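Two complexes, one shared chain (chain A), two partners (chain B, chain C).
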Partner chain A sequence: MTTTADLPATTTTSSRPRRAPLTRLLRSELRMVLRRPRTLIGLGLLGLVPVVIGIGIAIATSSSDGQPIGEGIAALVAGNGLLLPIFALVVALNMLLPLTGAMLAADALAGEASHGTLRGLLMAPVGRARLLAVKAFGVATVSLIAVTLMAVTGIITGTALLGGDGMLTSSGTSLSFVDGLGRVGLTVLLVTIQIWALAAIALAVSAYTEHPLIVVVVALGLVIVSGVLSVIPALDWLQPALITTSWESVADVIQDPLSWDPLVNGVLRAACYLVIGYSIALARTLTRDG
Partner chain B sequence: MNRKRTALAVAAAGTATGVVGLVLIASPAGANEPPPALPPISSEALVQSVLDSKVPALSGAVALQNNLGLPVPGLPQSSGKEAFARVYSDGTGRARLSLGQGTAGERTIVHDNGTTWFWNSADRSVVKYTGGAEHESVEDKLADPATASRTFIEAIKQDSVVTVDGTARVANRPVYQLVLTPKPTERTLLREVRVSVDEATRLPLQVEVLANGQSEPALKLGFTEFSTGAQDASLFSFTPPAGAKVTEPEVGDKPTEKQRDDLFAALDLKVVGEGWDTVLTGKIPAGALDQQIPQGQGRGGVDITSVLKQLGKPVSGPFGTGYAISTNVGTALVTTDGRVAVGAVPQQVLVDALGQK
Partner chain C sequence: MTGFSEQRAVAASAATAPPAARTRGLRKVYRGTVAVDNVDLEVPMGSVLGMLGPNGSGKTTTIRMLLGLVTPTAGEVELLGHKMPDGAALALPDVGALVEGPGFHPFLSGRENLMRFAAAEPLLATSAITTAVGEAIERVGLTKAANRRYRGYSLGMKQRLGLASALLVPRRFVVLDEPTNGLDPAGTREVRTVIADLHAAGTTVLVSSHLLAEVEATCTHVAVLNQGNVVAQGELAALLEAGSANLLVSTPETTLGLDALRERRIPARPVPDGLLVDLTASTAPAVVEVLVRAGVPVHEVRRQRTGLEDLFARLTEDSAVTELPDLDTLIPEEAR
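After this line comes the complex of A and B, so read on.
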């Protein structure tokens, strides 16, 4: 919030105060987001999630005498460290990561508006579309950082606590360590895209309100309502269009061979939400009174 | 101001694109396409070509819609539009079958030249059978629609009217629709069985079972993805992963001929009637009705009689008293003295069958 003041200052000094260099805008936005204490605390807590899960699984494994410790992926994580980041991301995708994405989007526009700093940005010699692009870039990058951080702490905790060389897939094949890392990377990509989709919707809400809390509530409400709708059998036809449908298929990355169809479908669905959310946010930002 | 209007138009177009995209994802593929034009073929020639067809190298995804009105043990619950199994074959008898998705645990079955591997991700167990897979459950067999409907056609040809009812698309491939309708004399709950035969490979790609008075198929099993072509050879070999429990059942574990004969004698299995109104009757071994069925982890067992009371309605007749369980496609009758009759028929046919003893 304080660093935003130097945006107009740097540009007005030049003889033709038309446009600030984009890279500087992006860097400044990123610095600003990452300097917020709540962003840092949120990132730190997210990074702890795989560690906590890893310790829990290590304890559960040592006391279960070879019995499976859970269902689905959980049953495979014991002694299979590279699966821990994927498991943690799939778990966090249900609530923690959407919350993070919504929070970032809420701070981006509604947060600025509630502090009165958005007005300054709207007056600055930065195009409105550019302003939104820079804000969206900030949200997207920090979401990516959060997911990557979880993957990294997950890989470290997994290999240190749970061990295993390579990755055991749910199909019963073993992948080499490098291939396993590839699967983790793919998960990071898929999860990030899903978070971007939700954050885009949250950004649209964020453009309309001055209260960051409303943004978070609407975004989480969307997640919860989607989840409820998806379990009603009479609304089966609606399921392919729900934002949460692709979240379930992310866990398919531990199959071997990979079946790309559900994964690609999930990315397309997320892309649709992303375009919708961003377009609405753009429309509002452009028409908003300075 | 003009730039602003352009940008607004772009934003509106973007929203519309996203919404259209979601609608496209939600609508089933190829629903609005006209049926493909294929050369006409007689039903006899079509059936013959299906029986002669060989399974080529292929990969596919299989989905199941189960609308039977009763959960059937061994049969997976409806998987909706999502595939519940993936099938791979190299065309020379080696095959791989993957059941279940990542979240719910996955089972893999690899059939590699006389050795069959069963992998279960839920408890990381591997079972290795050498020499043929006789232990396939219903589910495993069903996941290969090719074999499933081929046996079906052979058996049902004598009592049915077989027609070719136009063309359609299954898994984005043009198919002939082969329809088996029971002859009017058959007393059955089924209206028709619809088999979609791939035009190129002549493999059945989809089987639908339709019951009387229902527009939706009671059972629909078919490929959602199907492509032929050479498959990666590594798919058809299996190495048990480190840390997995590998069991190799000995031949002695299988019931011997004598035991099997005794079992069948005790069950007293009989087939009454033929064709669509075939009824299978038998006897439940004494005491089985009071046995406990395990009910998953943590919960206690339930004895069969109380399950019967829950599912069926009490009936009585010349056979004594019992419980009738009706579903959309079939009826089962269990008498209190342990006799059973099952068939895709109305209840009265079962009563007649029990009376024939």
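After this line comes the complex of A and C, so read on.
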């Protein structure tokens, strides 16, 4: 046994912080999140959403003899299979995907704290800033997986049930199948970034509590309150600050040509929420009692 | 209590080494409640220190500050020579701990839970993780249940898994907060064996407990906390010695013996099967001489160890307790 720790720099191992490899931590985190039953159930249900919507539209179009089945993007989807994943993602962005992001963020810090497992990681030790980075990585990756999964089941269901060899845009033009896939990819990216933004806020709340439920309630409360505020005309000046403002513009990806301004604005707004959320989460994680 | 600081020859080498952990003026206030106040604790390198104290005496809070989980309101903490909590990255890899009960994910098996913590251990090479986890599981006797979900574990199995996670890597310092909570007698014995093995391997161990027998059986040093303060600390033997001033005499002739002793102004009182004699004003040979001369048949004379229970009761009672051991205290159980 060596007792040299008191003397500065006697050995290189005692004066330099030793850390577990970051990739090993990330892999371990991801494995754990993807083993959690509610993550798997949530992913499975999200993957079913485009399938259910696709089946619904297929039934509706086959029985209504070509009459319009709705308005806006939903009406376009009939016979336009590649629009199904985009439609499903835009629908899910209103509630299901924010719920997923909030749930992941809630389990990441508050859930681990309530199980006493956060303490174990801190004592390993995983540095506090590193711990937050690992947690953020887990939330971000699984959010991306959820959105991608919806896009994939949407593409498959859309092409199989609704057909179409390209994509009919809301501007009336047609895109090739490959270009259409590009639009789906762009949607995945935009939706994921918006979920990351909400998850960042949720993670900040998660750093403050041991009760995962509080995190989910606060995050969904934020979404609902933002939605309500955005429809009050007297509060128009508030629009640029609301997280839900960007969500409405995601549907613009099916315009041709693309109008980038609202999309870029949405990403910038999400970036602001990301910075704010992670700053608060970091400040709290560094001082939190374990 | 002055006699505690004396070091025996065997401990002399350990005394020169820096302590495994040291706190100075440690204080923690939670929303106006003082949990720990002015704690100067020292855990000598290589010792097994038992931390005793009633519920709410600040044991766990002190441990959490030692490990850098909680930032002290005031005071300093040094762990393996590194200031905490800033030196956590330097000190904690060599420290294994079971604090506030085991914490694991219910949906993972015991083995998977350990794999996860092993992945976070800085001192474990990636290739060594599986072996280390397997050995830790075997060491705490969980091999049969290792692949079952943690959700279905009994309290004792959970506690064993917690112990296993503290022992994933060879440590220089192991902190066990109430390690035998929920364990059956066999499990308790196994924990003692683990502690003894760690001690033999030169690892410093800090055990907090409210089970006095457990501490008495396993520890070399003791620190007693009461209401957020350290009321006594030192070597177990020295602490017990300082409070021990009784002689237990087995005799059927208690009345005769009492009379003889009282004549010589030696305080004594009858107990089942004999007499309990206060040695503060006398010595054992003198007492025996008095009794024998008075014709009292003496079957057995035994210097009574004060037992940790007495000591603990004295130290943690409120006010005016630091006097000489009074003869009204309970007789400790037979010496083990």
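In the analysis below, the second predicted complex is superposed on the first by the 272 of 290 C-alpha atoms of A that agree within 3 Å, B and C clash if a C-alpha of one lies under 4 Å from a C-alpha of the other, contacts with A are read in each partner's own complex, and residues count from 1 in each chain.
Simple rule for what comes next: a residue touches a chain if its C-beta (ideal position, glycine included) is under 8 Å from a C-beta of that chain, and two chains touch if they have at least 3 such contacts.
Quick caveat: nothing in here was measured; it's all calculated off a predicted structure.
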{"item": "Touched partner set for A:196, first chain B, second chain C, both or neither", "value": "neither"}
{"item": "Touched partner set for A:119, first chain B, second chain C, both or neither", "value": "second"}
{"item": "When both partners are placed on the shared chain, which of chain B and chain C touches more of chain A", "value": "B"}
{"item": "Partner chain in contact with A:21 - chain B first, chain C second, else both or neither", "value": "second"}
{"item": "Contacts of A:287 with chain B and chain C, given as first, second, both or neither", "value": "both"}
{"item": "Partner chain(s) touched by A:278 [first = chain B, second = chain C, both, neither]", "value": "first"}
{"item": "First, second, both or neither for A:87, with chain B first and chain C second", "value": "neither"}
{"item": "Which superposed partner A:35 touches (first chain B, second chain C, both, neither)", "value": "second"}
{"item": "Set intersection of chain A contacts, chain C complex versus chain B complex", "value": "287"}
{"item": "In the complex, chain C residues that touch chain A", "value": "17-18, 45-46, 64, 67-71, 80-82, 88-93, 95, 97, 99-108, 112, 115-117, 119-124, 126, 165, 172, 202-203"}
{"item": "Residues of chain A touching chain B in the complex", "value": "67-68, 71-73, 75-76, 79, 90, 128-129, 168, 170-174, 236-241, 248-249, 251-255, 257, 259, 261-262, 265, 268-269, 271-276, 278-280, 282-283, 286-287"}
{"item": "Residues of chain B defined as touching chain A within the complex", "value": "4, 7-8, 10-15, 17-19, 21-23, 25-26, 61, 80-83, 86, 98, 101-106, 108, 117, 119, 121-124, 126, 225, 232, 235, 238-244"}
{"item": "List of chain A residues in touch with chain C within their complex", "value": "1, 3, 5-7, 14-21, 24-25, 27-28, 31-32, 35-37, 115-127, 287, 289-290"}
